[in-house]
Every structure is written in structure tokens, then in C-alpha cells.
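In what comes next, chain A is part of two complexes: it sits with chain B in the first one and with chain C in the second one.
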Partner chain A sequence: MAAVGAARGAPAASEVLNLFRSFLKETRKFADYNIREYIKRRTGESFRESRDLDAAAAASAFEFGKKQLEVVRRQSVVYSLYAPRVKNIMELKFQES
Partner chain B sequence: MRTHQVLKGFSHIWKVRSCGFSARPQSSSPWQPVPVAAALYSQTPQHYVRWQSTAAAAEAIAPEEADQNPNPDNQGITMKGVSMAGRPLYLDMQATSPVDPRVLDAMLPYYMHQFGNPHSRTHLYGWESDRAVEKAREQIAELIGADPKEIIFTSGATESNNISLKGVMHFYKEKKRHAITTQTEHKCVLDSCRHLQQEGFEVTYLPVKKDGLVDLDQLKAAIRPDTGIVSVMTVNNEIGVIQPIAEIGEICRKHRVFLHTDAAQAVGKIPINVDEMKVDLMSLSGHKIYGPKGIGALYMRRRPRVRVEPQMSGGGQERGIRSGTVPAPLAVGMGAACEIALSEMSNDEKYIKSLQERLYKGIMSQLDGVEVNGSVEHRYAGNLNLSFAYVEGESLLMGLKEVAVSSGSACTSASLEPSYVLRALGVEEDMAHTSIRFGIGRFTTEAEIDKAIELTVDQVQKLRKMSPLWEMVQEGIDLKSIQWSQH
Partner chain C sequence: MERGGRQLSSMLRGAVLRHLQIPSRPQQGAAGFVGDGWGEAIRRRFFSEEVHSHGTYLNKTEVTDRVLNVVKNFHKVDPSKVSPSSNFQKDLGLDSLDTVEVVMAFEEEFGVEIPDSEADKIVTCADAIDFIASQPQAK
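So, the complex of A and B:
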């Protein structure tokens, strides 16, 4: 009960790293090319930007990150359920090269 | 029908099912409805959604694929006689934008268990939908610096434009008989003004300068004592030019004229504040900012109050201004899109600007005779409208089938006449015909830009090689000095 109301400390480096790895793992399976690339780019930028935050800001950024990971997880399933059979030109090109 | 009779009827299907039909897992119940056609004509298993099998989720086929025509070897797709290796890369963000997965995530519960009508006052379903709609209203208001009470949900920017123009002019029709707009407005604004003209109002269509911007002196000269409304869009959908709305707002305030702006292409992309811009009415659209289609909003100032005559009669929803059930999932989606746009605006701006520069430099460095339509300084980065000289527009577009771009705006692309916006800019007809609008958005990648540059440059060079006009230009002949003989 003493913990309730006390300010949360910054997340440990290992926790942050695990969160980042989870993002990468979920993003790899995403069915849509554009959104997959966007999530990859955006999570990299977000983690880089929040490197130098103070404890309270880092804690809230971490919570936000966890919520966004849940969104990515859910939407990864939804997008794969409705993935078109014909792939995006950009994905084919990568396969060819 | 008795159970055993039904079972007998199904046994024929069972038999076919049991010989090598591995698609459907052996469920305990014999009552799984099997598509009879499938049983009778052995289709490949991939055509049917596997039930209760998450591992196979990735192989499920979207329902609409059935009426597209995949090529026989399952490579690529053919539609309208055009065959493509895959789905084209999308560079038409001004026509519409893909729904952001975060927006879809916010919307889905309201299509599932939280399906209530927000206007139902008596039960949980109504209360939770109402709460969601009000939250969406706050999210939209925050994006434009307004109060939530000033936001009305509509079916899109077209409806918001109609309510603004016709509604304001009808309400103040005793004293105000004149409206001002520009020649580069969206078709719905121009059509509403034509409708007002038919009813007896007078409308001035201001011309624009060569760079697409409104001339403020001409605007000042056009305002009369009986002018009711001035309508100027913030960001043009065809050429991407940003109008000086703050200055126009100053002028309108001084002359006590309402200012309406169609901000469908601007909201969430450039910073907007209705107080700083002195705007009285603003139209917003959901599907231009990575939200769902079929929803928009209208901002109507309360201090000083703007009154409109409602265009839809009904139960008095949305403060009597727009009757009809507010679509809770769509409103939630638009609210989520606005919230995301607010937090991502600076990041998107930087990224899209870098992509635009890459596209511009990539094309300009490999081709000459390319012109940008519209002002280069006062422009939204995600819209690049280029004209390629000595190239025929239709053939250029047909050759760019792996890139989804448009020439002119989606609303007018059915007709063959050159875009009225480019004509208003004074662009010559042959250049207007070869204009291509590249729309860059949050989800566009560098690789797509590079591919678009490669395909465009290829196609333009190919067409120019075949063009006798190009040959003559290369030899130094001035095309304008040629006397074409009449046989």
C-alpha cells in the first residue's frame, strides 16, 4: 500500500530493451508493407528520442510504449486475417532482388 | 426436418469432405455449414477461412478478393484490362489515406460489443457510445484549438462545406446577399455557390495568382456591405498550396464577414488554430488524416456566434444543426486520428518534407522540362504536382500502373477536361494535361519514393523518345514559332 501514490521509478534498461525487442518481433510479422515499415521506423525514433528523459517522463513513456505494443499485437492479428493474396509491389521487388 | 433426415442430406457432403479435404479441421459437431459449392467442385483449400486455427490466420483470404481477377499462376492481378505484378505503391494521399492501425484499434470495439446508439439515454449501450463520441469531439477540438461545443459531426467535408455555405447564406438572407470564394476551391464549394446563384444570391469567384495564392487586395476590393461569407480553402487538394488564412481572417474580421475555410487537407498536417486564424467555420474530413471514410466535422464559432440554417431535417441531433444518428465508431476513429495527428505532426512534417525533397531532386536531376504547379514556398510538403512537357498525360498515367498517382483531383478525374485548378493558375493546356500529383504521407517509405522516381523517369523518357515534338525541341526549334499547315 505504501507503493500506491509514490512516484514510479524509471524502468530498468533491460525492461526497455525487452520492450524494444518485442516491438521488433511483432512488427516483423505485420501483413501490410507500409504500416510495417512505419512501425519499424517510428519505434526506433521513439526509443532514441526518449533515451535522455528524467525518471517520471521515462516511466510514463514506458507505460505508453507497453500500451502501443498491445495495439500492435492486436492489429497484427487483424491485418493478417484480412491480408490480400496479391502482395504489394514493394514486397515483390525485395523478393526478386 | 428431423435430425436424421438433415444428417442424411449432409452425408453426401461429408463423403466428399472426408476424401482429402484437409482445409476444415475435424470439428466435433456435424453441423458445421459447409459451402456446398466447395464440396462439389474441389477448390483449393486456401479459398476458405480456416475456423479456430490461429496458425492459419495468415492464409485467410479477404472477402473482396473473390471478384478481383487474380492471374492464373496466382502472380499479380488484372483489373480493367491492366495487369500488374502486385498491388501498386500508393502515392495518392490527397485522394484518401490508409486508416492508421491505432485508429482501427480504437474503432473496432464500437463495431463489436459497444454498438449502442449515442443518443439512447436510457441504458449502458447508449451511455458508453455517447461518452466515446464526446471524447472524440474533445480530441478534434484540441487539434484545432476550439471548444468541443463548437464541433459538429457530419458525413464528411463535402457536407460540412454545404452546411457552411448554404446554411449561413440562408440564415442571413435578409441582409446578406453576396458570397466570395476562389476559383481553385473544391468542387463541392463551387457547386454550393452555383446553387446559391440559382437561388438569387451573388457570388464572386476570385482569381488566383500564378503561384495559386489569393491576391489579398483583390479580396479587399471584392468585399461589399452585403457580403455574408468568404470561403477560401486552407490547403489546396490538387496543388498543395497553403493560402494565407490568417491575413484573410484579419480582413474578414475588419469588415465583419464570416470566414469559412475547407481545411480537409490541412488539419493534422499543418498547425491550425481557429483563434489565431480568425476562422468562423471550418470543414474537416476524417479520411484525409488516416481516419475512416464517411465522417467529417464542422467547426462553428460560438463567440461571436455563427448561426446556420440546418440542411438536414430530423430529430435535432448535433445541436439541431445536423440531424441523424452520429456514427459512434466513425466518430471515435476520427477522434483517434486527430489525437494521433496532434502528437505526430512535427515528426510527420519532418519526414514528409525529406521525402518530398528526395522525390523532387530525384526527378529534376534526371529530367528537364518539368514544372511544379503552384507556389514552392507556400506549399504543404506532402503534395507535389508536376507537369512534364512534351509528354501526353493519359499515356503517362497508363504507363505508371505500378504507382498509384492521380492527375487532377479524384472528383474530376472522370472527365477529360484539364483540371480547372490548373487552368485558374494559368497553366497552358498541354502542361495541364500532363500534370501528375504525387501524394506523400506518414506511411510512405524512401524505397517507394525511389521506385516512383525510377518508374516516372523511365516512362517520361520512353514517351519523349517516341515524340516528334520532343525531337524538334532537341534540335532547337521553338514550337511556338511553327506555322502548322492546313492540308
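So, the complex of A and C:
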């Protein structure tokens, strides 16, 4: 039902939010701070750009999003092979004096 | 010599168990532990705290403070508007995507997994506080 709905009309809000959540969960797997923050930012921007699409455009954007999620999944594997040895300075927590 | 070997093996065992985060069960391996001062001391020192931090509910005041802190630190929120009854969308001006991000931030702060069906129900700070206070594995 959900799959048919996505192919024909606009996806339900809950489906979109679940897709967004899946992106963020996948994003956590990237060890490199820069890559991780980039994907997070890019995900948010893309979802917000698609806010006011009509039904047909929203459906194709949703399908595109699902494909992009697979891309992120594959990339998380690739990047895990080249994980940085040291943390980015942005990740370090300094003691406030 | 024999005594030293026993001590060493029970220390190693304590360290390994601690590393694997296996909850302590007094009856398990009791023959090796009971009466062995070192094993007993190590077990009391490390396992009691661990059981405490993994198996009990967090204090509600602490949960409230930490939840509000997470919300206040979210970049789109005006910290002065945050209160336990704040609704993310109506009071704090967040959109539905921001709400998802805030709920993910709660997951990271408390080390819990919030299933999609529960995450959709969290729309106010109070919802988040209640959910986390009901999770024994929250830390």
C-alpha cells in the first residue's frame, strides 16, 4: 500500500519523516566529522527544498530520496575503510575554564 | 604460588567480564570467587556500579535537566523559550524535520534507541522526558 501510494501520489508525511530519520541514522556511521556533517546538512537542505512540491513531484523526489539513501549506505561502507586516525578538532570537547 | 595464580586468574576474569559488560550473577562461578578476597573486591567495586548505571531508571529531575539542555542547544531554538511543557512545533517554531533531529539528539544524549513509532509521538519536551524516564537502559 505504502509503495503503491508512493509511486502514484504524494508520500505520506510519516513516510517522509521516516526516510529523513533513516538518513540521519545512516549519517552517524561516518567516522569523519567533515563527511558526517556534510551529509547531515545536505540531507536537511534537500528535504526542505522539496517542502512545497506538488503530488507528482513529491512522489518522484521521494523515490529519488530512497535511491540516495542507498548511495549513503554504500558510501558509509567505503568511508569506513578510510576512517581518519585522529579526531577532527571540532569533535574535541574542551573544558570550559 | 598456587594462591597467586588463583588471584591472577580471578582478576583477569573480572577484567574480561567487565569489558564484555556481562551482568554479575553471584551463583555463577561461585566456587572460584567466594572466599577469594581479590575477586570479591573487584566484583563489588565494578559490577555494583555497572548494574546501577545499566539497570535502573534515571531520576526524573536529571532527565528533565538534560532534555531541556539538549533542546536549548539545538541551533534553531531560542533557549529562553524552552520549558518542560514546550511543544517543539507550536512553541519553539521548529518544523517536523527539526523535530526528528531533536529526537535523534535525545537518542545520542541518553544512549537509547527510540523506535519510529515512539519517535512520532514525541512532540513536546514533556513527552521526551516521560519516554526517557520510562527507559531502564537510558544513561
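Definition applied: the second predicted complex is superposed on the first by the 85 of 97 C-alpha atoms of A that agree within 3 Å, B and C clash if a C-alpha of one lies under 4 Å from a C-alpha of the other, contacts with A are read in each partner's own complex, and residues count from 1 in each chain.
The rule we apply is simple: contacts are C-beta pairs under 8 Å (C-beta built on N, C-alpha and C of every residue); 3 or more make two chains touch, one makes a residue touch a chain.
As the structure is a prediction and not an experimental result, all values here were calculated from the model.
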Touching A:44, do we find chain B (first), chain C (second), both, or neither? second
A:72 contacts which: chain B (first), chain C (second), both, neither? first
Just to be sure I read the superposition right, which of the two partners does A:83 touch: chain B = first, chain C = second, or both, or neither? first
In the overlay, answer first, second, both or neither for which of chain B and chain C A:18 touches. second
Which chain A residues lie in the overlap of the chain B contact set and the chain C contact set? none
Give every residue of chain B touching chain A within the complex, in rising order. 54, 57-58, 60-62, 65, 68, 70, 74, 76-77, 84-90, 98, 101-102, 104-105, 108, 347, 402, 442-445, 447-448, 451
Contact set on chain A toward chain B in their complex: 31, 33-35, 37-38, 42, 45, 68, 71-72, 74-75, 77-93
Contact residues on chain A for chain C in the complex? 13-14, 17-18, 20-21, 24-25, 44, 47-48
Enumerate the contact residues on chain C facing chain A in the complex. 95-97, 100-101, 104, 116, 119-120
